[in-house]
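Per-chain residue numbering starts at 1, and chain names A, B, C and D are given in the order in which the chains are listed.
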Amino acid sequence: MDAKELIARRIAMELREGSLVNLGIGLPTLVSHYLPPGLDVSFQTENGLIGVEPLPEEGAEDEYLSDAGGRFIGAVPGAASFDSCFSFGLIRGGHLDVTVLGGLQVDERGQLANWTIPGRMIPGMGGAMDLVTGARRVIVAMTHAAKGEPKIVRRCSLPLTSVRRVDLLVTDMAVIAPTERGLELRERAPGIGVEQILAATEARLIVPDDVAEMKLSA
Amino acid sequence: MHKMIALEDAVALIPDGASLLIGGFMGIGSPHRLLGELARQGRRNLSVIANDTARPGFGIGKLIDARAIANLTASHIGTNPTTQQQIIAGDLTVELCPQGTLAERIRAAGSGLGGVLTPTGLGTTVAQGKRTIEIDGRTWLLDLPIAADFALIAAHRADYRCNLDYAMTARNFNPIMAMAGRTVIAEAAEIVPVGVIPPDEVITPGTLVDHLLRRDAANGR
Amino acid sequence: MDAKELIARRIAMELREGSLVNLGIGLPTLVSHYLPPGLDVSFQTENGLIGVEPLPEEGAEDEYLSDAGGRFIGAVPGAASFDSCFSFGLIRGGHLDVTVLGGLQVDERGQLANWTIPGRMIPGMGGAMDLVTGARRVIVAMTHAAKGEPKIVRRCSLPLTSVRRVDLLVTDMAVIAPTERGLELRERAPGIGVEQILAATEARLIVPDDVAEMKLSA
Amino acid sequence: MHKMIALEDAVALIPDGASLLIGGFMGIGSPHRLLGELARQGRRNLSVIANDTARPGFGIGKLIDARAIANLTASHIGTNPTTQQQIIAGDLTVELCPQGTLAERIRAAGSGLGGVLTPTGLGTTVAQGKRTIEIDGRTWLLDLPIAADFALIAAHRADYRCNLDYAMTARNFNPIMAMAGRTVIAEAAEIVPVGVIPPDEVITPGTLVDHLLRRDAANGR
């Protein structure tokens, strides 16, 4: 299992029956592939739809139906479309149960930076700031380190996406829960030891006596 | 009320330097005929408010390619490298605004509200230079309304009275912008008789639309 | 012609091709009966419709379609329905060309009081405050005096509906335009003299040399 | 997700003293079954936010008749003399709020915004005790969001996933309130299979609805 699949499978375990979920572009999108069987979850795309599903097959593209990355998608029976104000009203108003986003850095305060690298990348924040500020639960999906550089740091050096503390961080090495007390190491990836995690992490982690191995969806 | 207008004449209404609200999200639901003609007529120095600039050769990317835009307010420009190049070269200034805030700012202008009190962006670089308002011990960022000289919007269907509907995610910013442009120019994929769009399915009432593009021989998008 | 019909006919002359108009309950509703032939005007009701028309005949009531007074109405072909936020967005956002409302008092500043008589009548303002504040043009339709008491006064004694100066005042005796300089007498009703108008008016009126007789719609 | 609930059980969820957003305008588009059952079960001391109280025996007027309401926020009560009597007798307190402001305050709560900056009511008795905010030389009234424990809404059709649509002017406050109730209970004139309401015609997505009233033998409104 590669790192992305591992992260996606672990995050899929976090989704609850009946919840409304927004998956960011890229790795987070994979989460929908690993839902526990029978789990009824609705996916929102912030450009205006509840009921996202992957395009069922090539040739079925609707030029009026895309995800937030501009890629053609499908829609489930019972989908609902709406304008951008309504869509972000759902997000900001506490109606979105979970958002899963990628990350560039997460720090000891649990704050996330994921939208810009000044001087190098100015894509704009799109919906990320609203999602991280407004979703009931924010789950960050990212590799634990990037080319040997730790991404879980004492203090974000990159501009923050929100001052809101995220709720869970799932990497290819660990599951970490930002709390009032700091970053709590909750689980380790299969075959990964606590020492390896600590070595790849700049931030101080709160390490319990027993760190369970990640539970993964089928 | 006769509101139908030829593409060329509609675009001729828009002077150099005008401010434009332009619907669409990555080109999905953008007014492609209007954008193509704006580029063709060589409009310059536009101020554009839109979610993004799509990609080179597509959607608002056509205005970027034509170097028609001097100022841009958007939530995302990462998909168009030409936009980024023009910013780096100093040919284009950009204000980046969180997407939900952008939508609400346009809605505030169109709905006669004085601003938007949002939690989004508080404590980040987006808050720099902006006022915060404390209400019952909680702090909110005050973002200001955005209106424009023109709103250029793309509908799915328009009826003869310019009532509009939209399809799926092509709705996005279009109906919000139709409230906030001093002149609203719409194009539609289909034009249908009055009554085909039932009252409950009209998203933008025709009274908001000033001009509707005529069908023409080369009606491609 | 009775007073109400006179007022309604005069106001009908004020409506312009293509405009969106909101008529208050009661006397203002009559205006729609006297539109110049062929004039294309759309009527809004603030509870959520553009395209109001009178109920075409008894028995055609739709339990889901009423005016702002709760009375059953009809809808023209090409009508559009919407929620209360959108409806007042139209009003407050400058998309409503004209509102015609009744009045209790109008004063020399052109300010209108029409929603409450403290200690006697507490119906609530409904949509009146938004309409008077937001419409591009506010036309007040009222009798010139009530039981001998002047309604056009120096200063409203009743609570204001808005601090906004209304645009036109049409009574059974006169047409008066509130301006920066004060209340200008523009027209007199058929058979009514300027002296009669002045006698029935508490406010100071600016009276031009020649006061034309009201133009009325057919 | 099974969200269908019997009328009696739905109303049993609502305790004495609860705050309720109730849809409808003069009873058009009000949740008549819920209102009747609230009165029948003898609920007391409710805080109700609604446009109006309709008339005796109809719509929210049934709650007034049953003396179920202690506090009312509304834009208009003139059509219900019983409401006025209870206010004069001191049994009912009322906050009158301009209709457009009321709608925006509920929307602000449901959309996570901190308040409403409106010109409506400035300089009138409605502005008493409220903050004003000056922005670029213009003054705005700051009105605060209104949420509630429950939103009771009436739809035209609901599908099995609780997607809702509305008919004509029965839409009014319903979809706005569906965003602002901590628990949302809906009733619908028709319940239809998934797909009968196409995505572009859904006004309230089913994810916003917590409970949908079951059809029952005595389904009268």
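What we mean here is this: contacts are C-beta pairs under 8 Å (C-beta built on N, C-alpha and C of every residue); 3 or more make two chains touch, one makes a residue touch a chain.
The shown structure was predicted, so the numbers you read here are calculated from the model rather than taken from an experiment.
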By that same contact rule, can you tell me which chains touch chain B and chain D alike?
A, C
Return the distance between the CA-based centres of chain C and chain D, expressed in whole Å.
29
Using mean CA coordinates as chain centres, what's the chain A-chain C distance in Å?
55
Averaging over Cα atoms per chain, report the distance between chain B and chain C in Å.
35
Multi-chain contacts in chain B, i.e. residues touching at least two other chains, fall at 104, 107, 111-113, 118-119, 166-168, 171, 199-200
Provide the list of chain C residues touching at least two other chains, using ranges where the numbers run on.
49, 75, 81-82, 85, 88-89, 91-92, 134
Can you give me every chain pair that touches, using the contact definition above?
A-B, A-D, B-C, B-D, C-D
Please output the residues of chain B touching chain D within their complex, sorted ascending.
104, 108, 111-119, 133, 135-136, 138, 140, 142, 144, 165-168, 171, 199-201
Going by the contact rule set out above, which residues of chain D touch chain C in the complex?
25-29, 51-52, 54-55, 74-79, 84, 87, 94, 96, 98-104, 107, 118-126, 156, 166-176, 203
Residue numbers on chain A that touch chain B, as the complex places them
45-49, 62-66, 68-70, 75, 81-85, 87-89, 91-92, 121-130, 133-134, 159-163
List of chain A residues in touch with chain D within their complex
17-18, 20, 40, 42, 49-51, 75, 77-82, 85, 88-95, 134
Touching chain C in the complex, chain B uses residues 1, 107, 109-113, 159-161, 163, 179-180, 194-195, 199-200, 202, 205-208
